[in-house]
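Input: one structure, supplied below.
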Amino acid sequence: MKRLFTLLSVLVIASMALAACGQKPTEAPAPATEAPATEAPATEAPTEPAMVEKGTIKIATQSPLSGGQSSLGVDIKNGAQLALEQLAGPLTEMGFKVELAPYDDQANPDTGVANAKQIVADPAVLCLVGHLNSGVMIPSSEEYHNAGLAAVSPANTNPKVTDRGYLEVNRIVGRDDVQGVVGAEYANSLGVKSVFIIHDKTAYGQGVAEFFKKRAEELGITVAGFEGTEEKANFDPLVTSILASNPDMVYFGGIYDQAGVLFKQAREKGYQGTFMGPDGMDSSVLAEIAGEALVSGGGMVYSTVSGPASVYPGTAKFVEDFKAKFGADPQPFAAQAYDAMAICLKAIEDAAMAKGGEMPTREEVAKAIRALKDFPGITGTYTFNDIGDVTSAKYFVIKVVSADPAKWGENEVVQTLDIAPPSK
Amino acid sequence: MKTLGTFSQEMLRRIQSGYMPYLVSILHALVGIYLVYTSPRSNIAFLIFISSLLTLYTVKTSAAYKVTAGVLLAVVVMPILGVRNIFYLEILFQICVFAALALGLNIVVGFAGLLDLGYVAFYAVGAYLWAFFGSQQYYVIPYAPGTQPADLPFLLPGDMFYLFLMLAVIIAAVTGILLGLPVLRLRGDYLAIVTLGFGEVIRVLANNLDKPWNITNGPQGITPIQRPTLPPAVVDLFNNTLGPVIGHPVKASDVYNVLFYLMALLIILVIILVARRLDDSKIGRAWTAIREDETAAIAMGIPLVRMKLAAFAAGASFAGAMGVMFAASRTFVSPESFSFMQSIGVLTMVILGGIGSIPGVILGAAVVVLLNLQVLQGLSLYLSQLRQSDAVIPIINFAWKNLSTQLDPAKYQRLLFGIILILMMIFRPAGLIPAARRQRELAVEESGD
Amino acid sequence: MQRFLKSIQLRELLRPLGQMIAFSLGSSAVLSLIIIILALILDQTAVGASTMARFKVSLFSYTIVNLPQVLIDGLTLGFVYAAIALGYTMVYGVLEFINFAHSEIFAIGAFVGVEILIALKGREILSTEMSVGNAYWWLILALLAGMAAAGLAAVVVERLAYRPLRGAPRLVPLISAIGVSFFLQDAIRLIESITTGQFHRIIPTFGNFDQRLTFGSMPLGAGSISLGVQIKSLIVIIAAVVMLIGLNYLVNATKVGKAIRAVAQDRATASLMGIDVNHIIALTFLIGGMLGGAAGVLYALKFTRIDPFVGFFPGLKAFTAAVLGGIGNLTGALLGGIVLGLLETFAGTFMSIFTMGAAGAEYKDIFAFSILILVLIFRPHGLMGENVGQKA
């Protein structure tokens, strides 16, 4: 007990000394209640590089930066970081310092909500990019909504995310109930008679798979099997079931890392049909894992909103820049995170312009996002509807043309669809 | 060195005698409050403030003073500071939730010596109980996840929450007994693996019971879940009385946070009381006997089956109640919250704090939650700010900007957490506040029990 | 004397081989029998009708046609589990604590092996056209490197994180092991992502390991099911068998093995007999780690993709297998691994058919755990464990 007490006293004294030595560099001196940086004088001409420091704007990201899902989560942060570095120019010229505040939500709702509260308590944060998991996004966005902080999601496809109709919650990805339908329509147009549906038991994978199944049944396609699995390596039992029913197509609702292993194992055991998946398949690593399995037999197709270079030239440049900076190809949702950040920056800029170069409030930023018209991103052109979905999204069905991961960018668009989200 | 040692001991003795303890604890609390009040987003200020409770616990003062000061800090000061920065309130709430879970697990692991690696299963039972009855899920049963129509009615009114708080205690206890019954013959690590399996079973069920009937909505989770109603008068009252101190109008959602925090505090209080009484009772002594030597315990005529079941039931019931609270406070549950790692996390709190020791376990929960949500997160944010600034490490003249993108500190919180766990275990293997059974026995004799 | 020793050695080599064959055949036979009987019973019910509607065959013939492949897959998986489970069981036998970091040791082995193969592929030493013999030599090299690295890592972990805790309460090393597990996961992630920005690795394709040897096919409804085994599955089984025999020999027929058993039985007395206990414990970790590392490389070969978190689920399953067989018992770990592998594959394949789609492959883990609980109710010390009473 005594030692504990000594320890404690030392700790307290040390921390007091630390606190006395000075606040953290970005600690806003004003309490949370005051409007941020109102004391900054307005510059006359916003176009001129202003010398006056008008305050710091922070844009937070929340995604899993550690744990099993971190390969996707880190690249959401990296995509956003790249956008911030490339596109913050106009705001810097107006005299703001723009900073990224990356948070690790650990793919855990508890951590996500706690972080959300920390984020909203920081008055310098004007916009948020996140999350990866709908299970974290839904409870965390309650906090963003309460605090009026705008959030742009690069990855949450669960319809419930926007169906609550919050002003602050937006997403630039398609909804499950659209993407699954796109997949089923395409399968039908291929003349597929039977399909075996597998999903990864996550909100994303299962969501897409459920809607694929629903639409496929409506179109008269036989659903030979509907299975969920958390397995990452050993798909032997599932492959046995697939081979027994020998469907024309296997649809996998989930992410490429699982899908690649499944596709490879299914081909090795002699399955000859077509593979299909949602935008979680869009990674060259899929070709690295599955190799020949993607082009032999019926080949492999995936649906995505993020179009190839021929449609969106920005994508190619993004991939190049991303690789130069982070040393690896971007994972799925990294390009969306780039766009989400770009939308945040543009909205803050618009809101600041409308105020004559002053620091905008959170509410003004949230409204500015909804006011954007045909924002040209690298993965699409964005206008938000009144619940925060993109009004009309272009969906591409893309066919893998080569087993070589280096040629992933050459994959061929086989179908383009314009679909508006279901209105509430 | 020796003189320094004697000097510090002398200082300690002085601090722990006369009126000094009162002064020290009050001073610490006041400094903490002042710092948090003036810089509401400083992590260090908050840590100083929250550690004042620990000082209060450590100093030698009268029990009445400790209780009064503790209640004052926890029930009055914390909500005010918390509403000024709801992040603190969330941390406090999570500390309470995990402290309650850790206290429950402490009964099973610490008192009765039964290693339970699937403890969050009971937490999940409570959470899903209210999630099902307190949401629209009953009407969603015929639909596949995500395909249900909008605007379904709620099954029960939100105020049934209080009833389910009680119900969850019973249902979780029954679940605990159901698990306990078949596995009572198992010892040590066999029991551990069975509880681990049970924890996984519950999580997988939550993840998969969306077909053939959609009971849990699978991985999509259940939302919205209702909260008990909050009369607008309470919010007004809150604003009118505390408005000037807080400095901005308080919204209903913030008052909810305060409400859940206070409720969690109350539950913890109940748990502490029950746990202490249990530990001091015949049952508690039976548990100790089982823990120390099962064979000898049977030989002494201790009803092994009943005692083990009691431990399981008692531990589970607390987790069930906390689960209901969790579901209501989040208005959302999904299987992700009940993973194996969560069970391990709670176990870590128990052992880190001091297995079998009630204050230790609470401290363990506080330390782990603070580390996880505040300290490590704050550190990584601080470092990432440095990376975006022009700061330079002085002696080696290394600009933070040039740090490789792969060494991003935000990504490696768990690495630090791992090192901290190992070091803590090596240097304080008995926990932060080890269980002092002997000391407590003496205290019991004095109080004339 | 010389001949006497020789005969012992031969017995110690043959006994585990016999056990493995007996266990594999025995558990395959039991499970097959159960599933066939179930199929016969349910054939006339709605379950049979739904199978008929989906596959145009009776439930019975569906089961029979798929059964051989399920057995092959299940046994392959079982041997992977068994190899990992041995690491858990070795450590448990000696120290009586669950080494949670074993799954990360497994991952270290996998990464070192795969990194070597990737480097070789980069230098164009490995290719799909290379001679089969060379491919095997390189694979064995990678396997040995993985074993060495994992063994070393296990020893270092023991020295730094567990040895200082010897004598502490039983649960303390457990938490330390969890700490090690977190640390190693992120350490691997850090090291791997510095070079390429990504922290997963994919084993390069080379040699003929992906080929499938087919034994023929059986008609099923409109199509047919081919029966076969992949070369890499055979490698996994053979490598696991060799390791298991080697370990068994080491523990049961050498002086060091005797010392290990002595330390496991009573540390204090062993120390009085002149055995360097610390040395033996380190050795145990080395052996357990090497087995885990080899299992890691084999796992990567079989399942293609690895990441720093790859060890978690196989580790959990292997631990379950160790307990199922009777923890601390080498033969038990083997049996537990085989039974668990088979059970999982059976459940994954047939569950969906037998429940008419209500509960599918996603319940295979639950099924495996339920069987575990059932077994433990009737045999509280696992299938092979002896009731040695409570250790003081």
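Some points to look at:
Should a chain be cited, it is by its letter among A, B and C, assigned in written order, with residues numbered from 1 in that chain.
As a working rule, a contact is a pair of C-beta atoms (placed from the backbone, for glycine too) under 8 Å apart; a residue touches a chain by one contact, two chains touch by 3 or more.
These numbers come from a predicted model, not from an experiment.
Looking at A-C and B-C, the interface holding more C-beta pairs in contact is that of B-C. Centroid distances built from C-alpha atoms place C farthest away from subunit B. With centres defined as mean CA coordinates, subunit B is found 31 Å away from subunit A. Distance from the subunit B centre to the subunit C centre is 36 Å, each centre being the mean of its Cα atoms. Along subunit A, residues 66-67, 70, 201, 228, 230, 326-327 each make contact with two or more other chains. In subunit C, the positions touching at least two other chains are 186, 189, 197, 357, 362, 365.
Contact of a single residue of subunit B with at least two other chains is seen at positions 207-208, 405-406, 411-412, 414.
Of all residues in subunit B, those touching subunit C in their complex are 109, 115, 182-183, 185-187, 189-190, 192-194, 196-198, 200-201, 204-205, 207-208, 211-212, 293-295, 340, 344, 347-348, 351-352, 355, 404-407, 411-412, 414-415, 417-422, 425-426, 429-430. Those residues of subunit B lying in contact with subunit A across their complex are 8-9, 12, 15-16, 28, 31, 35, 38-42, 44-45, 47-48, 51, 54-55, 58, 84-87, 89-91, 94, 144-147, 150, 207-208, 210, 218-221, 223, 247-248, 251, 253-254, 330-332, 334, 336-337, 372-373, 377, 380-382, 384-386, 388-389, 391, 405-406, 408, 410-414, 432-433. Those residues of subunit A whose C-beta lies close enough to touch subunit C in the complex are 66-68, 70-71, 201, 224-234, 236-238, 240-241, 243-246, 257, 260-261, 264, 268-270, 285, 288-289, 291, 326-329.
Those residues of subunit C lying in contact with subunit B across their complex are 92, 96, 98, 160-161, 164-165, 168-169, 171-176, 178-187, 189-190, 193-194, 197, 316, 319-320, 323, 327, 357-359, 362-363, 365-366, 369-370, 372-373, 376-377, 380-382, 389-390, 392.
By the touch criterion stated above, subunit A contacts subunit B in their complex at residues 1-2, 4-6, 8-9, 11-12, 15-16, 18-19, 23-29, 31-33, 65-67, 70, 74, 77-78, 99-104, 107-111, 113-115, 117-118, 120-122, 133-136, 138-139, 142-143, 146, 158-160, 163, 176-177, 201-203, 205-207, 210-211, 213-214, 228, 230, 325-327, 424.
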